[in-house]
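Take this structure first; my questions come after.
As written, the chain order gives the labels A, B, C and D, with residue 1 at the start of each chain.
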Amino acid sequence: MISLTDQDIDIAGLTDLVRHDSAGAVVVFLGTVREFTRGVQTKSLEYTAYAEMARVSLQQLEAEARQRFPIIEVGIIHRTGALSLGDVSVAIAVSTPHRAEAFAAGQWIIDTLKIRVPIWKKEHYSDGREEWQHPGLPSPTESLGAPSEIPNFAADRIAAKDSAGDQ
Amino acid sequence: MISLTDQDIDIAGLTDLVRHDSAGAVVVFLGTVREFTRGVQTKSLEYTAYAEMARVSLQQLEAEARQRFPIIEVGIIHRTGALSLGDVSVAIAVSTPHRAEAFAAGQWIIDTLKIRVPIWKKEHYSDGREEWQHPGLPSPTESLGAPSEIPNFAADRIAAKDSAGDQ
Amino acid sequence: MNEIQVTVLFFAAARDATATESTTELLAENTRLADLRTVLFTRWPQLARYGSALLWAVNNQYASSDVCLRAGDVVACFPPVSGG
Amino acid sequence: MNEIQVTVLFFAAARDATATESTTELLAENTRLADLRTVLFTRWPQLARYGSALLWAVNNQYASSDVCLRAGDVVACFPPVSGG
């Protein structure tokens, strides 16, 4: 089950969805809005999605997770819109027969989601600034080579990152 | 926070307990009663604890987890008594600034709990048999060497297992 | 030579750079994604500055630069994602 | 020579083997846990069969075989744990 929602995520409902008599382990991951990142204070966050592709991408993520891990049931819900400190931005629940698989599956899903699924976070800082988060994007004032010199394109880069795993 | 209880575990309450504005990640682990283990059908389970030592042991587990990982908040609840299929026997919730630490802490806590905390599971199988689960204990009908030949004792073995990690 | 029409969507910082949500482009048949990119980078130098860091998708799937575009394709251009 | 009194608790399969929850033992001062174990294994051969697989704790902490027991200690004897 995957979902993109602008409402509060029902964590208890998501957890119950994956509980199963064949499962020995359930792992639930929640991403929550953190107040300080590298010393800068966040006041609120806004998540914007390319909704149509994000749903396709989440469905592919679920399908691939089921191929990689012995998953009994899995649910992935991502929030969009404005969030306050402490709010849950993403919730992932997964059940498997044994515990090591549940941790591995949960971690793979969130790590891969953060590379692939077209959703962007804009931070509103307590000093009034706002800033898109887009890891690896050069500042718009940095000069780069001409487009024709740029070798790699999205699909290759996403695939390379996926196989390398992330930090 | 640690707790040993013969009542249903309040998972939502445990999750809320660890959510925090400084946390970017929450991982919740649930151990649930599985119907089939190595092809044998379980009907129900019973957990018996050496309650006094189990509480001390859980407190030490929490303290050591806080030393090993940048934990913001952690809660560990273990169930005792009779459980049915699908019931939650243990729930661990942990919050940290970043996600990798939350997964690592949750996994370390459940792995270590399963080696150290004096609680035993008795399986009631659908064929009417019941059996204590005690990994590594020889069957009482197996013959062993005389007591004086037996070298290692509890403290050394628990320490060795902890440092080796488990599967 | 026939022309095809494709829609291009911009998201997040790419939308800020172009100051538009989408554009409709008339292209020659067999235009590759790389060629469309050159067109867009020429029109919006602010977008060009993000260069190879931008991600591109065609019809909701990440696409590589040599893919041939077809009539009705929906292309999306956006910065590295930051959900989760 | 003075005597000390310690309580020994049995759990799970160890309790089944001794058919008792606890026993009170009078021991010589400076008796080591290993010596108490020999006493108990002699009394309950069913317990002795579990041998080195059993775990031992003194006053709620895992103990090693060479620890000296003191008056009032609570010793616990049990099989490998299986909670979680």
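The criterion applied here is as follows: contacts are C-beta pairs under 8 Å (C-beta built on N, C-alpha and C of every residue); 3 or more make two chains touch, one makes a residue touch a chain.
Predicted model, so just to flag it, every value in this text is computed and none were measured.
A.B. asks: Identify the chains adjacent to both chain A and chain D in the sense defined at the top.
C.D. replies: Per touch definition, common to chain A and chain D: B.
A.B. asks: Provide the C-alpha centroid distance between chain B and chain D, rounded to the nearest whole angstrom.
C.D. replies: It comes to 23 Å between the two C-alpha centres.
A.B. asks: Distance from the CA centroid of chain B to that of chain C, rounded to the nearest Å?
C.D. replies: 52
A.B. asks: Could you tell me the distance, in whole angstrom, between the mean C-alpha positions of chain C and chain D?
C.D. replies: The computed centroid separation for chain C versus chain D comes out at 74 Å.
A.B. asks: Measuring centre to centre with CA averages, how many angstrom lie between chain A and chain B?
C.D. replies: Computed value for the inter-centroid distance: 29 Å.
A.B. asks: Which residues of chain A are in contact with two or more other chains?
C.D. replies: Each of 31, 110 in chain A touches at least two other chains.
A.B. asks: Using the contact rule from the top, write out all pairs of chains that touch.
C.D. replies: Pairs of chains that touch one another: A-B, A-C, B-D.
A.B. asks: Tell me, which parts of chain C touch chain A in their complex?
C.D. replies: 9, 11-13, 16-17, 33-34, 37-38, 41, 46, 48-57, 60-65, 76, 78-84
A.B. asks: Enumerate the contact residues on chain B facing chain D in the complex.
C.D. replies: Residues of chain B touching chain D: 31, 47-50, 52-54, 56-57, 78, 89-90, 110, 113-122, 132-138, 140-145, 147-148, 150-158.
A.B. asks: Which part of chain A faces chain B closely enough to touch in the complex?
C.D. replies: That would be residues 11-12, 15, 19-37, 85-86, 95, 97, 99-100, 102-103, 106-107, 110, 167 of chain A.
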